[in-house]
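Input: structures, listed below.
Next come two complexes, and both contain chain A; in the first it sits with chain B, in the second with chain C.
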Partner chain A sequence: MKSAILQTATRYLLPILLLFSVFLLLRGHYHPGGGFVGGLVASIAFVLHSFANGTENTMKILRYKPLSLLPIGLAISTAAVTLPLLLDLPPMTGLWLEEPIPVIGMIGSSLFFDLGVYLVVIGVVLTILFTIALND
Partner chain B sequence: MLFTVLTGLITSSLLVPFGKIIKTKWSILLPFIPVILFLFYLWHVPVVANGTTITQHLSWVPSLGVNFDFRLDGLSLLFALLITGIGTAIFFYGRSYLKGHIYFDRFFGYLLLFMSAMLGVVLANNILTLFVFWELTSISSFFLIGFNNDSKASRNSALTALSITGIGGFFLLAGLVLAGNIADTFIISEMFAQHDKITNHSLYPLVIGLIFIGAFTKSAQFPFHFWLPGAMKAPTPVSAYLHSATMVKAGIYLLARLTPALGNTELWNTTLMVVGGFTMIFAAIHSLFRTDLKGILAYSTVSALGILTFLLGLGTTDALIAMSVFILVHALYKATLFMVTGIIDHQTHTRDVTKLQGLRKVMMPVFIAALLAALSSAGLPLTYGFIGKDLIYEATLNLKENWAIWLTALAVLTNIGLVTAGFRAGITPFTGKLPEGYQDVKMPYRAMWVPPMILAVLGIVFGLFPGVVGDYFNYQTANAIAGTDTDMHLKLWHGFNTVLTLSVATLAAGAALYFAHNPTEEKLLSLARFDVVSSQHIFRQIGRSIEKGAGWYTNTIHNGYLRSYHLKIILFAELLLGYKLWLSGPIQIDYANLTPLSWYEVGIVAILIGALYIIVTTKSRLTSVVSTSVIGYCICLLFVFYSAPDLAMTQFTIDTLTTVLFVLVLYKLPPFINFVRQGILIRDAIVALGFGIIISLIALRVLYEPNTTAISDFYGENAYLLAKGKNVVNVILVDFRGMDTMFETVVLSIAALGVYSLIKLRLKSSEKE
Partner chain C sequence: MIDNHILAPIFVQLFTAILQLMFWRKTLTQRYLSVGGSLIGLMVAFRLFGRVQESGILTLNSANWDAPFGIVFVADTLSVTLVLLTSIACFAVSIFSSVGLSRQRMLYGYFPIFHFLIMGLHGAFLTGDIFNLYVYFEVIIISSFVLMTLGGRKAQLEGAVKYMAMNILASMFFLTGIGILYGITGSLNMADLALKIQEVQNKTLVGITSCFFIIGFGIKSAVFPLYYWLPSSYHTPPSAVAATFGGLLTKVGIYAMLRVFSLIFIPDDFIRTLLMVIAVLTIVTGALGALIKTNIRRLFSYLIVCHIGFMVGGIAMFSKVALMGAVFYLIHDIMVKTNMFLIAGLIRQLGGTMDMNKLGGLYRDYPKISLLIALVLFSLVGIPPLSGFWPKIFLFQEAFTQEQYFYAAALILGSFVTLYVIANMWAQVFWKNPPEGTTTENLFAPMPPYRKILMVLPIGLMAVATLYIGLNAEAIVKIADVISTQLIDPTAYIEAVLGNKTD
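Up next is the complex of A and B:
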């Protein structure tokens, strides 16, 4: 599907959608959003790009295989889960910084947990879709 | 104490990256791990001998009651000393035994893992922690039995052992959880106080039945005994360590540990006495017919384990004292005999007792160690074995029951068998004339014969000073099993009495049997006729039937057609839900309470139905996929109307991606041709309609149910207080039910890996089977 309009549009849509996905991730704790939806939106951004420019080109932008996002995401989530153990608290206890950080807002261990979910979702969706798309 | 458990685990994992260096240059470091641990526990002996117990607590999963609770009392300490002490001997011995083996590092990795797990079992004060370590011993044992992984027999034996102990572990877990729930605590030392509550509970027979299965499978009691002789396929250091001195005694340990909490009832004592009694005589007779040295030792080990179970079943103070001594006695002489067998096997490459003779001429020190162990096993006066056997006879003779005399006779017969077996394994290979071809047999390395020598000498030294040894090592053990003070004092000499007469008679009869009866291949073969009724045969048959049943089930239910799976899943759900719906009675709809219908809802439903119509009638796959996504978006809109933005967003993105996925897959498929017959279409329509109707009815039913909002209220109130979040949905996902999310991400990752590997895997035609 070669369409000049779509190709031009995705050039701007990709960063905007990615930004939006991060926005969803960060606001998730207080407003509708969260890592899961954020991850799906980010995947849609890449899928859209692949429709316009071909999956090979999207893979080039990604540089690394989406599969490699799985261990990274799982590791971040696991770290967020196990971090309280080091402070002698039961696992999954939410740990929060006292003061909010500009732009990002409150930072706590559950934000990192959500970040892990976000990365795993992107990794899973893109791995499945791109593997099928590139298979011939 | 935690560090002693972790040391082995950590070094075991360190062997993965550093195995090569350890194997070639630094292998001398390995035996010092058990040495350090042994010294650590030896240092605790005086403290524990005073009756002090040492405890340590570390939270692990407190919400499930699973914690690292460790407790060191007399019973734990005796086992910890055996594990680390015999471990030391085995590590030095094994280092020479396996010198130059390609899997040298792997072997010690498993062995360290096992040592840690076993320490965990005997130190754990929480039954769930104990269970985790228990399973770990089964797993490490599996790898060690199957160590010679290029031999089919060895792999089979490993699998048999794992299946038997694994099934036992499964029952054990059920029993432990039940016991813990009845006692309302998973802490073992706290369960002791709940003894009456547990034993009077209506589920008590089930609880101990399940725990018995676990303990009997692990400790090779009849009818689960056969995995132990099979496990002799393992390298001999493993047999000496796991399958005689430590792991097989884990079952005995568990029973002894739980005796103050669950024991002292008629059911408990009778079962243990019958099973133990039968096992000890059955295995003692079997051991007489083996021609393989390790076979003899394996069956005599089973018999010794039977004696321990039997003593536990007697349950009297005398019996528990005898048990605490016999554990030590047996570990000392049996480990020695196994190591000696290993030396013989290593130097002459045979273990056939009918061929081995006169080896004392080439390896005198080994003969001395073997002789001392054989004498201790025979219970010759002045050995520790003599004390052990005396105590056993005392325990049976002092019973108040009038059938005590029969139990004594049983114990005597078993011991006669054990005397003969000990002589056969420890003396036969060394006496007589050295056969042709064995003149060149070399002395083993010093590291191989010194450890068994030390253990054998200890068996004698302990026998000379039973008072001291008993006070330090066995007194608190017996107390821990009995739960009270046993007032135990061992003496070298009891005077001329019935017990001594029986001891001497046993020795004489055993020696006579040794000279009168020679095991031969023919006798062993004639015994094989009874294999049809052996429990091993029966278990194998059961295993085969399960395999067949599973094959039949898989072929009929899992036929590989996606449509057939869908049909079955939906039909099953319909039946289950329909039945529940029918049970719950008629449905009444209160129209007054329903929200009024608005025009946009009607509009969405109209679109929904239109899309449905297109899906059913269209001839193009693509059209039907797009129509499906129309339905998804409609539902998404409904979520928006009813103010569930999180759901709406997720549904929207998921639907988009699903459509993309469908298109990608459909693109690769051949063009659509309709093969479906009319009848099948009607069947599918009925199933689909039925499902829709049932779900609608359930939705109406839910409205009719009294509204319970306790859970959502809790989340609503606490989301900000406990988790500092204002979006309740997100807080539930990342905090309250975060573990679920965690595992869901793992499942998703596995699914992605599955798709990736299924598509990317390109087998060469030679690799396809």
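Up next is the complex of A and C:
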């Protein structure tokens, strides 16, 4: 689909959607949002880009295959889950820093769990959609 | 006792799978990682088994939420025994698949998915939360869908569609049952449910809910009349995959039945009769199916169905001796059935086909391997000092005590048919000369020696485990005794889960 309006709009929408997805990721612990929704929004940003500019061009700006996000995301999540074991606490216990970090707020191990989910969702959604798109 | 390391077997499999995903398409590295990870998993399982033998039931409150509010993981003797057996089977299958699988399947992620599947199995055995059990069932079936369809041949897809349809149906029944159970008790923790279900006034509703669980687990463990998906799908994937499925997946259904019906729904007369009818019909139909098959793997699939009936009958009688028989049979069955499918894979390599009519002369060409296989086949049939014999004593004894003559007759029929089909298979595949005019395509002879060893080694390993179960039956009887005591009287389990509030 070659449309000048969509291409121009996408140029601005892509960073805004990515920012919004990070916002969803960060507020997800106590409010609606989280890694899964954030990941979906981020992948929609790339899907929109591929609608406007073609899947090959989107693959180019991504540089790496979306599939390579899977092990990274899983590793981050698993690390967050097993980290409490080092402190002799049960797995999945939330560990929190004492002081809030400016802008981001309180940081705990559950944020890293969500970050892992975020990456896995982007990886899975983009892999599935790009596979279907490139098969045509 | 609280122990934060119960989840170690699960994490070992998870780490292995993640590492393998990082080496996507590097199949050699994945193979080393798979065998290494399985070995570490086996050692961790041994350690966990030892700890539970030493200090009794261990629990873990994940995320530090006290039971019954958080998800609790419980390692009692039944769980750790099954985790240990799964780890042994996983180790053997992972060695076998490193040489017995085509590179094409490895490229598309066979090994990571295999380890996710084993992770799901470990999780299902260790969890103490019924919804978490459902989640692990989902992990298992999603991974098994992928393993079943990898390769994408037409026969495989056809088998996978039947498998998928029936298993999704089973999950729906299971989930509906959990929903109703949560509605009437307000809890998902199995130990908590065991206490709360007794206070429910509406016993009819409890009875109906238990039927949802029977149907759900019945489909999973392939009992009559819900078993037909098993023989029509298990012969399609490669042998390494079929070994995992045949040895372990149906047994998760039996495990779940044992757990749920000993803890939450104590079988009343109606449930006992229902389970007994199911068990007898499963044995008879499985045995009749096995009689007419000539493809080795289809034959083994029907034998799985037949022997599932033995265990369901043990649960139906629900007494200490009967449960000892069922648990012992479960232990024996996991080892033998996994090995049977590995053997089917080896026979395919030796003779190029799995059709008994076209095979022959394997004893003449490979006497040593044939004797090893004979050992496993004899264990399956239950020739006295070997492992299949001991559990049947308990089952027979209890069947006569409770005057379940139909079940006793079905047991005799099932055992004789097993003996007949295995003897027939032995004569056809190993003793008779290869039929005239067919050129057998031997894929085994041109393999380099180390690959030959890696192919036979897992079968030998599992055969040694089977031999141990048979010849050192006293040790296994002791374990089965502990397990059945814990199943008949779950107070120890409930106290371990609910009694250790950190106050």
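One rule holds in what follows: the second predicted complex is superposed on the first by the 135 of 136 C-alpha atoms of A that agree within 3 Å, B and C clash if a C-alpha of one lies under 4 Å from a C-alpha of the other, contacts with A are read in each partner's own complex, and residues count from 1 in each chain.
One rule holds in what follows: contacts are C-beta pairs under 8 Å (C-beta built on N, C-alpha and C of every residue); 3 or more make two chains touch, one makes a residue touch a chain.
Please read all numbers here as calculations on a predicted model, not as lab measurements.
In the superposition on chain A, A:Ala75 makes contact with chain C only, while chain B stays out of contact range. Touching more residues of chain A than its counterpart among chain B and chain C is B. Of the two partner chains, both chain B and chain C are touched by A:Leu67.
Contacts of A:Pro90 after superposition: both chain B and chain C are touched.
In the superposition on chain A, A:Phe23 makes contact with neither chain B nor chain C.
Shared contact residues of chain A with chain B and chain C: 67, 70, 74, 78, 88, 90-92, 94.
Residue ranges on chain A touching chain B, taken from their complex, read 24, 28-37, 40-41, 43-44, 47, 67, 70, 73-74, 77-78, 81, 88, 90-92, 94, 96, 106, 108, 110, 113-114, 116-117, 120-121, 123-125, 127-129, 131-133, 135. Residues 2, 4-5, 7, 11, 14-15, 17-19, 21-22, 24, 60-64 of chain C touch chain A in their complex. Residue ranges of chain A in contact with chain C, taken from their complex: 67-68, 70-71, 74-75, 78, 82, 84-85, 88-94.
Within the complex formed with chain A, the chain B residues making contact are 59, 61-63, 645-646, 649-650, 653-654, 656-657, 660-661, 664-665, 668, 722-727, 729-731, 733-735, 738-739, 741-742, 745-746, 748-749, 751-753, 755-756, 759-760.
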